Amino acid sequence: MPATEQTIEDQRAKAGFNFREDIAPGLVLEMPLNSILHSSKSEFQQIDVIDSYFGRTLVTDGKTQSAQFDEFAYHETLVHPAICTYVHRTGKAPKTVFIGGGGELATAREVLRHPGVERVVMVDLDGAVVDVCVKYLPEWGGEAVKSDPRLELTIGDAYAYLLDTKETFDIVIMDISDPIEAGPGIMLYTRELYQHVASRMPSNGVFVTQAGIADAVPPPHVDAGDRDTTCFGPIRNTLSEVFDVVLPFTQSIPSFGSDWGFVMAFSPPKEESKDSPILPISIVDSLIEKNIKGGADSLKMYDGITHQRMFHLTKAVRKQLAIDKRVMTKDNPVFMY
Amino acid sequence: MPATEQTIEDQRAKAGFNFREDIAPGLVLEMPLNSILHSSKSEFQQIDVIDSYFGRTLVTDGKTQSAQFDEFAYHETLVHPAICTYVHRTGKAPKTVFIGGGGELATAREVLRHPGVERVVMVDLDGAVVDVCVKYLPEWGGEAVKSDPRLELTIGDAYAYLLDTKETFDIVIMDISDPIEAGPGIMLYTRELYQHVASRMPSNGVFVTQAGIADAVPPPHVDAGDRDTTCFGPIRNTLSEVFDVVLPFTQSIPSFGSDWGFVMAFSPPKEESKDSPILPISIVDSLIEKNIKGGADSLKMYDGITHQRMFHLTKAVRKQLAIDKRVMTKDNPVFMY
Amino acid sequence: MPATEQTIEDQRAKAGFNFREDIAPGLVLEMPLNSILHSSKSEFQQIDVIDSYFGRTLVTDGKTQSAQFDEFAYHETLVHPAICTYVHRTGKAPKTVFIGGGGELATAREVLRHPGVERVVMVDLDGAVVDVCVKYLPEWGGEAVKSDPRLELTIGDAYAYLLDTKETFDIVIMDISDPIEAGPGIMLYTRELYQHVASRMPSNGVFVTQAGIADAVPPPHVDAGDRDTTCFGPIRNTLSEVFDVVLPFTQSIPSFGSDWGFVMAFSPPKEESKDSPILPISIVDSLIEKNIKGGADSLKMYDGITHQRMFHLTKAVRKQLAIDKRVMTKDNPVFMY
Amino acid sequence: MPATEQTIEDQRAKAGFNFREDIAPGLVLEMPLNSILHSSKSEFQQIDVIDSYFGRTLVTDGKTQSAQFDEFAYHETLVHPAICTYVHRTGKAPKTVFIGGGGELATAREVLRHPGVERVVMVDLDGAVVDVCVKYLPEWGGEAVKSDPRLELTIGDAYAYLLDTKETFDIVIMDISDPIEAGPGIMLYTRELYQHVASRMPSNGVFVTQAGIADAVPPPHVDAGDRDTTCFGPIRNTLSEVFDVVLPFTQSIPSFGSDWGFVMAFSPPKEESKDSPILPISIVDSLIEKNIKGGADSLKMYDGITHQRMFHLTKAVRKQLAIDKRVMTKDNPVFMY
């Protein structure tokens, strides 16, 4: 397939077909549109699968969701640090995992690499995305993940599901769209939801969420609170009002056009220290070998060294986080661009 | 000025003026062109200073050289890890520093923060760039740096200068354009030049160079050696044939549209180990406090934590480096896009 | 200057500076931005003078107003058919001319080529545009036109001026922006204003206005009344409710990205026929020779043959006009894109 | 279909999919890419059918060939003036017609509207284009035209065919790509080919060819012969060395981004005058009624009034043609951009 795609790409550059995406207000990333593999309009959004600079790419409402050449960077970063942290702190594998969103199935794919996981509940709003990904993006997980007996897939509102469920989850992963004004997920980024989630997790249960753009060098207008397009700070702040330990981390995702933020949060039992030093290289590598099927060979991005990079934020980002005091509540949500 | 620039930017978005740059073959970054502060054609290149998404920006032959909002990330990363490593290994400050290129003066600005430095020899091909930067980009260094008595600025060919000089330098910094076929700097990226430079440095003298794009997730065609647009691997490989210790590191530079590579190299005296573990946070912070005028407050990007991030490369980048065997010699140069 | 501009253009193509303009909803024209000669924000609009594909170009609020290489096509088409028609019908030169808008001064420049004209009253809202054009676009008219003793230039609201004046004008020329919702000129496109203007003109006095985009092949959605971006039909229809003879005509203006519409209107005295056949080639050429200073050599676009082209509309445009029934009144204005 | 397309277009604008085409060196037209209906690579070129601003559009090697919303303007202009001129001069319908190129079948569609035509020989290099157009662009002609018993379609080199054939043709129509350096059609634009074609036509037989971009206001660099991107003048000049009467004409084709040139040529018998005044409105309309199946109702663009517009060129274009002395021969071809 790469060979063919290369050829198509060369043709397409000639044809002048492009995909343009605003990656920040005023900043556009443009790349060749080699082909449109699928287009449809679901109840919730426009869904396109294209072949472009970063390989096959899922695009919803014009926004890149994940791309063939670097989706692993996003999904491994979202999943494994959180689970490894849980294993490290509790000495056991998590048994139950909740995924909010995750329609591409790749988050579930990474979770299911952990043999100790017995049950994964995934709740995504848009069943059409799941179907499209199974068909056009099988490497993301596809039928193999969808039909894994450990996965329970529910099409519906993750917020309502979480409020309603009586179940508890060792790990809760939020793989949902950024909080934008018109978006369905805005409630999933509030202190109230985080409080509820905390109540549905055991001690040392780990919550993790994607947290939007987190450039290594935030532009100065972000300092000014003007046209702020980030939610990294607010998510960290809001989680800090609910959990005792809150760890922001980042990973460069080229198809997103920048570094990307994630936040992990948990509350140690009273008797444990709230200190949570960055896990050393050797411990992470050992956790991977013991807890992930296939060990290090299964993963393309995550290992002990990469863990250091992810959790050691640049001075510029740390300064930016330090001055950001915004908290997201039901009554005062924070909207991104 | 920020307030005014904000206003101009809003007007310009309306006016439809844009700056488009190919950051890789097929990948375009487009941003508002708020104003063109300067335009001229020197003997060597088209020189423009614009105000754009990343603030005031130096553009030569259509390529972003550095931008107001993140030039510090590039220049601090190029300079301080190398000098701190020298100080840490030798126990003393470097006295003499050579800068190849560096016309923006910001590399010299960072070098001159080290009070122990007695003499900086900077050789840039294009005096017009220096003049333009002094006038339009004073924060990069400007007249203050240019007229610093420790700086000896020569307009000319750094390659010829290095071959000719009898002087030795504790630190050699290459702040030059990527090796492209038509570029003047291609000879500055060869094994032969590195060998000569090594002969002009004391034991434990540190060489450092920028090394082009170094995405956290290199696209797969790079694996295939096809349309390879990187020089990160070849520079590391070539330096490894000359120096005993070679350390690649990266930093995200948003205005360059990706992570950026750097390589540091040195040869410890025979009696010293060739091991060179990544300097711990506390040691870097201590080196900064002792060796940089103003200490940590002087720097916006570099500190002990950021040092961890820079030198812990992602698994994907390490894998990419591991398979890249190219070496750059006079007879077999490696050309980038 | 052309030689230099050519050189700058080549440099700029390399630099990636562009000017993008939406010429219709979804249709973008992009060209190299060679230089920005002037930028300011007046009380009413953003004003830029750029050097681009069509030479020096006045851009207000991101919309091309006129460009060096084809402004003559627009201004000659706006002015001379109307005045020649007046001379042909009345057997005498017009003495008084009113120009609504016209800040670039080129409309006045064309009017003043008619030696019989004794008085030109020009009322433009934005004095800043006039000043900028005098300084940066002298070929449009500049100081020579501005200081012509026959020209009386008033900075103010043309609508208010017309309602207030007791004067009559042999020729009334509207050289104003398209009627957009937020625009100041919307009242100048209403039946009520046209009725008032008619009352301030002698029998056979000629009214002419620019009338927006008028593509030779209107896209089908225009048929459907959906997303209609034209005002050509509504202007013709509205004038038809006020004047006995209404003549739509078009001219290709490459810097506007399409054919452009104009409408001329007048009411012959009762005793004269209301037939108004398109003036034959020889008559137009003769009128030009007799009534324009310098004769045919003064004009780059208008002559008898071009007159045939302008007034013979394509079948597609005529069909489009035939089905367009919209009329513009104070209470029911028509807004363009 | 329009309703659906409208919907898809709205979705696509959101998705950021675009089609960019250089319509002249430095001038880009960009529009939404609603969908890619077909993509393939034939022996000769990349072939794409897209749905875009101008409806379904055939794009080969990145160049728009014709578009749903205005293909009729191009094809009616290419065919009917030539045939009507033949009928007017000879008093009879043409019986045999040769089409060089014409793979979209729409040129044949227009020719076949003339019931007197008994035989149409069409020779196009690329059978894949014909197949794609039959399938995706049926309104262009499709199966109905392809299977018309009067049409003889040959896939092959029109140049070789013309040199080889012993047949004569009343009408010869060249519907081929512009003469670009790499293009296959360069020989079809030479004096030598025109001489041969003339020898294969009866007295008063009419030759017509598309002739590339012909802006109403050519940019000044065209005057300078520098970066000339037109072939309108050279085609007219070359035909003038072979035929007695040569008539350039133009039509605005919005999807081509400008006015487009055509040239008609013929040689009256010795006893007839070489004067060839532009056919009056009434004669053209009468020729249409008598010689085209369905009469005026069959045509969307061509009629007597439109004929006036097409053949009355603007003063600027006439001036440009007057100074262009280039002639195209085998040894000295003229290449377009």
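Every chain is named by a letter (A, B, C and D) in the order it is written, and numbering of its residues begins at 1.
Just so we're on the same page, a residue touches a chain if its C-beta (ideal position, glycine included) is under 8 Å from a C-beta of that chain, and two chains touch if they have at least 3 such contacts.
Predicted model, so just to flag it, every value in this text is computed and none were measured.
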Labels of chains that are neighbours to subunit A and to subunit B: none
Is the C-beta contact count larger for C-D or for A-D? C-D
Computed distance of Cα centres, subunit D from subunit B, in Å: 55
Inter-centroid spacing, subunit D versus subunit A (mean Cα positions, whole Å): 54
Nearest whole angstrom, what separates the Cα centre of subunit C from the Cα centre of subunit D? 32
At which residue positions does subunit D touch at least two other chains? 20
Given the complex, residues on subunit D that touch subunit C span 2, 6, 9, 13, 20, 24, 26-32, 53-55, 69-70, 73, 215-217, 219-221, 224, 226, 251-254, 257-259, 299-303, 305-306, 308-309, 312-316, 318-319
For subunit B, which residues count as touching subunit C in their complex? 7-8, 11, 14-22, 33, 35-36, 39, 41, 46, 48, 50, 59, 61-62
